[in-house]
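A, B, C, D and E label the chains in the order they appear, each numbered from 1.
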Amino acid sequence: MSKIGNIPVNAQAGKKRTNPLAGVFDELVQFCQSRSMFMLHYCTGCGAIELPPAMTSRFDMERLGIQPMVTPRQADILLVTGYVSVKTLKRVILTYEQMQSPKYVIGICSCTVNGGMYWQSYATAKVLNEYLPVDVYIAGCMPRPEAVIEGMRRLMRNIEEGKGHAWKDYFQRYDYYLGNQQHLFGDDWQTPTDIIGEARHYGLETEQTYGEHTRILEQHQQPLEPHKMRIKF
Amino acid sequence: MRPENYQLVALPNSDEYELFIGPNHPGIEGNYAFKLKLDGDRVISGKADAGYLHRGFEKLMEGRLWIQNLAIVPRICVPDPVPMEVVYSLTVEDIEKMEVPLRGQWIRVMQLELSRIASHLFTFGGHAATTGMYTPSYWGVADRDLALDLFEELTGGRVYHIYNIPGGVRRDIPNGFLDRLSDYLDYLETRQNDYDNLLFTNQVFVKRARNVGVINQEQALEWGVTGPNLRATGLAFDVRRDDPYLIYNELDFEIPTQTAGDCLARILVRRDELFQSVRILRQIIKHLPSVKGPVRAPIPNPLAWNVSMGESYCRVESSKGELAYYTVSDGGPKPYRVHVRGASSMHAVQVLENMAVGQRIEDIAQIMFSLDACPPEVDR
Amino acid sequence: MSTITELLTELFLMPLIAFMVGLAMVLMLRKIGARLQRRVGPPLLQPIFDIVKLYGKDTQVSHGLIHDIGLVMAVGGYVAAEIFLPVPGMDGIADKGGIITLSYVMMVPSLGLALGVGQCANPNGSIGISRALTAMLAYDIPFIIVVFGVAAHYQSTSLVGMIEYQQAHQWGIFEMPLLAAAGLFALQGMMGKQPFEIYVAPAEIATGPMVEMSGKYMGGLFVMQTFQLYTAGVLYTSLFLGGGSNWFEFLLKIFVVVAIPMSVAFVFPRYRTEDMVRIMWKWPVMAALIGIAFVL
Amino acid sequence: MNCEEINLWLDTLLAEIEEIEVTRKSERRVRVDVPASSLPALLELLKGKASYVHLSAISCVDWPDDEEFELVYHCWSYEAKSLLSAHTRIPRNSAQEFAHYVSVYDIYKPAAFFERDIYEMYGIYFESSPYMEKFILTEWNGPPPMRKDFDAEQYVNDTFNWADYHPQWLQELEEDGGGIAVRPEDIRL
Amino acid sequence: MKKIKYEDIGSILNPLKNLQFFARKPVTEPLGPRPAAEIYRGFHLNDMEKCIGCSTCQKICDNAAITMVKVPHLKNDPVNGIRNLRPAIDYGRCCWCALCVDICPVGAIELSREYVHTCNGDEVDSYFMLPQEKGMHGTVEEKGWTKTETNDLLDRHRQKMGEMAPEERVDNFDEIVDGFTPEQAVLEASRCVQCGMCHDSCPTHMHAPEYIRAIWKGNVEEAVEWMYETNPFSHVCGRVCTHRCETACSLNQTGLPQGSEPIAIRWLKRYAMDAVPHERIKEIAASKKSATRTGKKIAIIGAGPAGLTAAFDLIKQGHEVQVFEALAKAGGMTRYGIPYYRLPDDILERDVDVILSMGVKIQYNTRIGKDIAMEQLHKDYDAVILAIGLQSGRSTRIPGSDHKDVHSAVELLRKIGSVRDDIKAEKDPGFEIPRSAVVIGGGNVAMDIGRSLARYQKQQYGEVNMTITAIDAMENFPADDVEIKESLEEGITIIPSRGPQEVMLENGRVKGLRTWKVISVFDDDGRFAPQYDESDEQLFEAEMVIEAIGQMAETDLLGEELTEQLEWQRGRIKVTEDGATSVDWLWSAGDCVNGPDVVHAVADGHRVAESINEALSVER
């Protein structure tokens, strides 16, 4: 077991695979990943109103193996359902970083692409993939449940074909994403997750992982101390 | 700088601790947060934290033409968008002294009531889910979806209808729409028994909801509670009847009330209200064919429409409570100021904060859902 | 040699069968829910997809050794329980341990979970586990009374013996209807289904104990769930429905047994903790005690 | 108390409060203009004597040309079924960080929400209001955004980037001598 | 409805009744998109042929989602109201409100029922698309939200302009239309969608969108400023312009069930000019005048719109300008060709006065070639502009057309115009008014003379007996529709599709006009070659026949030498685009080179002034 930041991690990733069946095994895992997607239950914007229909009886996403999960740790997909205000964006990033790889982001509605109808708004972030790598976009304002399901199926196809790797991009070009985040949130922005450590851990670090923005981060970073907590039973 | 919601806080030297519900939490309606200070599982105090859905609507509206704002107003309350469009149109019509043709008014009321049904069905599911019963939310959302199908047929949009326009509505109703609406109402009435058995008379649910989140009439008036939440405390007040707009004074409907003021009373009021809406819609189905004429009064070219100088405060009864817009025009092509008094702006913040004190942690989500608070109305 | 090999084979096969049957039960659970909720529900292999997916996650966050041990205890406890549960043709060590051991073994997973979750330092998890332990306390009282009653009735603590007795005479459910009813109640609590679902409560405490579980830990919980459903079903079948003389009968019985609490779960909300305790200590305990009185 | 009595009572109010101006806009809508100093007294009377127990909203309008903020208190009477909007104007104090006014929280509890909202959006400080702190805009560092002198569009253009599209069809058009002619931001009305 | 009381607690078994749903079919829809509703608001469609590129959709779009893209292979013809711009939609902004559909003046842009579009994270480009007939993915068969009469947002109909009733106006020369009231003007201006077609189609490219918007804002002075950028004859153009802008106007659409009338751009111009005090107009005009003097002298022959516009421009640029006018007053055809009821003299006087106030000098009653030789001008001035207009009418040359009672329309109009100089009598034009007359021609001149004479007839004989006949079919009459309508109202008979064959004489007096029915006017190649149906002969009895079939210039003032030096083209002086003739000091402008129309003349004046200014600056 190793540690990323102060969170201990077990992972096989990055290990040399010598097993001849590794390829078959990987395909099996990919297949299962594409058919079992846990969706984070986070209504960031108004597009969230079309998710209940998509999840419930009428359009029943569970047919595709998609079910809502309530914590980021358990989720595979982060649905960004529409505009993200700057305040929400911080939480979205935190949430995203807490999710376990492989993880996928789906950008729903116009707003995630180019600001949507809130393009004049001082409070919302405009282009989502500046801050997070996005796997699939679904057009609409907001997209109907059928369109959401079509988007999910596109993601399924991508995963099955081994194409959905946007999450790796976050490690590989962390400096870019961090730079955009800092531009919006200020230089003292930091999250509890040690992305660089994680990138190193997975062997996903590239030249673009580091840069001026990560240096700024290092200056401000404070170690996260878990708080002691007691609960009266 | 880390957002505080992600730190776990233990208060020094005591058994008290803080817990964050939201913004990413299934027990919160929408993207909203509620900070709790707890002693064991009893709430000492609660503090609402809004702004996650803040888009600066009021600022946006000042930067857009009068008619362009139609597209953004429904976004202020996603589950129940029609009252937003209507009340905005009402203020503009009031300032311009425009008369909406009768047929347009009837169609508006039809939408408003259908929207109320859709919204309440949504709320039932949400409320039930906070008590651990998920089946009503599956049913409710699916039944609401049938209403959305009707909306789609009527307005061309499932959720955001953008169908009301200052002066009336954009198009006339399609052929055979009233028959399909009538079928839907029949269907809803056949479902009533299922819902009653599953939810409203479910012993366990009643036990969970009764005497939880009690607010009496005096407190309700003091804290500015409106809508079904006020009616659940025994005051039969409804903007539709007491400050009538459109053609509501020609319609025959009751104002359901309860006196207990707890979660159960609130959901029962909503249930009765849903079937009152069915009753209103039946009257509309009967009358609408005999109301002839245009559906909308002509408006000037929207690109160059200077609404005359003036101000207007218009209110409607949305499914969440009293919804009001204060619109000021300086005689220009864009609104000078639009103030949105969201129906939930009281419920989700001060009322919830007050109600939470002394409650158990397992009831907080239920209280929030039973108030039917809609966070985007708070954030705007 | 044959007995040892046979035993070892049985010890290996019994958890494996439990797992397979448990997966089918999970599927059934979801299908029942889907049907009541008027929808289609997941595909047939969904439980397997979920578990393989969770084990195939790249990141696996652990919260320390105790966390891991807790999970091992949770799964291990049930795996251990499986070998105390006789199935047609295989008795494992059921005749040796008896029902008392089984009852103790079945507490291990909850304690293990409590241990593991406590390490996560997530308030939701802590609240959840405190509720879970309370819930355990609540359903264990009637459960233990039922177990004692049954044992007293059959004059045996061996499940194998009980099954043989029932197959020879009459099903326990007909001889001790009150105890069977109380047992069904306890079963509902044991499976953590509504109205006794308070410790998961996604809407309040974000699935409680599971809140910090992810990747293979979550997968472990999913595996645990399969064992849990299986254990509950087989135990009840063995106590009251005469076990199974052949596989078809056996499987039919356990699936029917498990289907009852599952169906009930989808039409009820959850009780509050104290309500749950009150209910559990009132009706099932009363029924069980009266049942014992009849038995004795 | 019915509508006529309210009207009568409002007339007597004219005598009680200085510089008050009452306009009846329709059967259920009354507009009252009062100087800032008399407003709390008016609201006190409205709630205490005239059954206007429900504060529907407090709206703020920025009038930079007049160097004033207009505050509008919308009060509703459940008994008289009439909505009274009390308008008052306070100086804008552009030079200072905040304009100041008094809170009516002790008269109407809902005022706390609206006062906090106005505090955030317009920078008006309400003395003795219970929550004079950030609520919606906790993570906003700019000026109060609803003020007319805050140019949101400018801010957005300075802060955010826009998506950069180069679809195939556009490239083909550009090769033929066409391409983007009028961008939407060029012709905003 | 079953009531539930608060106190009711159902049986614990009640919820279990819902286990019946095991036996009910699920309500789940099959996977895959359902067909959307009939008026669903899905992705955009655009009829590329119907779309006129007016970019109104772009202006209404609340999300700034529409970019106008130039599509080179499409028709670009602003004069007929078509541009090759087409809307491209950014689905990263669009909210499917369909306001673009509702406002589209032609109903080209529509929404489809298609609603599924997904793409991978790196394919965001697909969110920006140019809608076509087949939609985003080329698969759309059915339209969704389209334009109907009900959801049309544009105000399609003009403000009613007050005007005199036919019986009131027919016996006098008072101006017919009242002009807009301020309220009407604002409302009319508010109909404008600011597409700029009018600007592109106007010969002198007046800033119509800008001044219309200024009028809408209530700022008439700003409107006048915009007008003086391009047109010193705004008063005149506000009344008698041929308003190509209104033809090109996006709102000038046929084929819509609700009908659609163009913005009354001309009347708005007139309104703004009338609303601003004359002195203020002078100031506005003067404010543009250059402070520096170039010392160059330019002579302009003819004080018509072209000449005076050139004079106005040149003096603004600091040159010294001298205008020579053969007649007693300035204005050219606008004074001597357009009847009083359309353009009162005092209005024209104001335009001329503004130009004079800039410092332009006019020498009246000076005929070049007679009083001053061209050579003299060449010597005295750095440049000369020939802006003499078209003074004489063309003749049909049919038998009998040389009779003294067969007149050319321009000539008569000039007589009428001259008489009015001293307002001694509106009632006496200085020639004998016929009791009955027939006008040959279907243009505005024909209408002018017909209506003028009709007024005299009414005054003198108490009844109108006037026939206008032309070779064209009614719908192809070159005259404005309004003119035709008003003529008919005033009791004039208009008989289309008649080819004049002979002026019938009897006892030395004109008896009437013999005509044949026209079968076709042009041959297959589009050349003028009328075909007649000789069996359908008709005789119009009249005391006077007036020919109004076109005008020509009298160029004898040039002198023989110069005439030979110049290059000619089909009887007109050949000029470059800038109006320069083949002689380097001589420019030519106005009707004599470029069509009979005030606004063209003004445009010509600008062009020539620009050209001269350039030529002179190069010299310097």
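By definition in this document, contacts are C-beta pairs under 8 Å (C-beta built on N, C-alpha and C of every residue); 3 or more make two chains touch, one makes a residue touch a chain.
Not measured: the values here are computed from a predicted model.
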item	value
Shared chain contacts [subunit B and subunit E, defined touch]	A, C, D
Central chain (distance from its CA mean to the mean of all protein CA atoms)	B
Pair of chains joined by more contacts [C-beta pairs], A-B or B-D	A-B
Identity of the chain that, by mean CA position, is farthest from subunit D	C
Farthest-lying chain, centroid of Cα atoms versus that of subunit E	C
Subunit C and subunit E: spacing of chain centres that average the CA atoms, whole Å	88
Distance between chain centroids, defined by C-alpha means - subunit C, subunit D (Å)	59
Inter-centroid spacing, subunit C versus subunit B (mean Cα positions, whole Å)	43
For subunit A paired with subunit D, centre-to-centre distance based on mean C-alpha positions, whole Å	38
Residues of subunit D engaged with two or more neighbouring chains	137-139, 145, 150, 152-153, 163, 189
Contacts with two or more other chains, residues of subunit E listed in rising order	15, 18, 26-28, 36, 59, 62-65, 90, 92, 95-96, 124, 127, 194
Contacts with 2+ other chains: residues of subunit C	34, 36-40, 121, 123, 127, 202, 206, 267-268
Pairwise chain contacts under the document criterion	A-B, A-C, A-D, A-E, B-C, B-D, B-E, C-E, D-E
Residues of subunit A touching subunit D in the complex	86-87, 90, 113-115, 119-123, 125-127, 130, 183-186
Residues of subunit B that touch subunit E when the two form their complex	64-65, 67-72, 135, 142, 149, 152-153, 155-157, 160, 162, 170-172, 174, 189, 192-194, 196-198, 200-204, 206, 258-260, 264-265, 268, 271-272, 275, 278-279, 294-296, 298-306
Residue ranges of subunit E in contact with subunit B within the complex	1-4, 6, 8-12, 14-15, 17-18, 27, 36-41, 56, 59-60, 62-63, 95-99, 102-103, 111, 144-145, 148, 150-151, 153-155, 187, 189-194, 213, 216
Partner subunit E, residues of subunit A touching it in the complex	57-60, 63, 105, 107, 110-117, 119, 129, 133-141, 143-144, 146-147, 149-151, 154, 158, 163, 166
Touching residues on subunit E, where the partner in the complex is subunit A	26-29, 31-34, 36, 43, 62-65, 90-96, 115-121, 123-124, 127
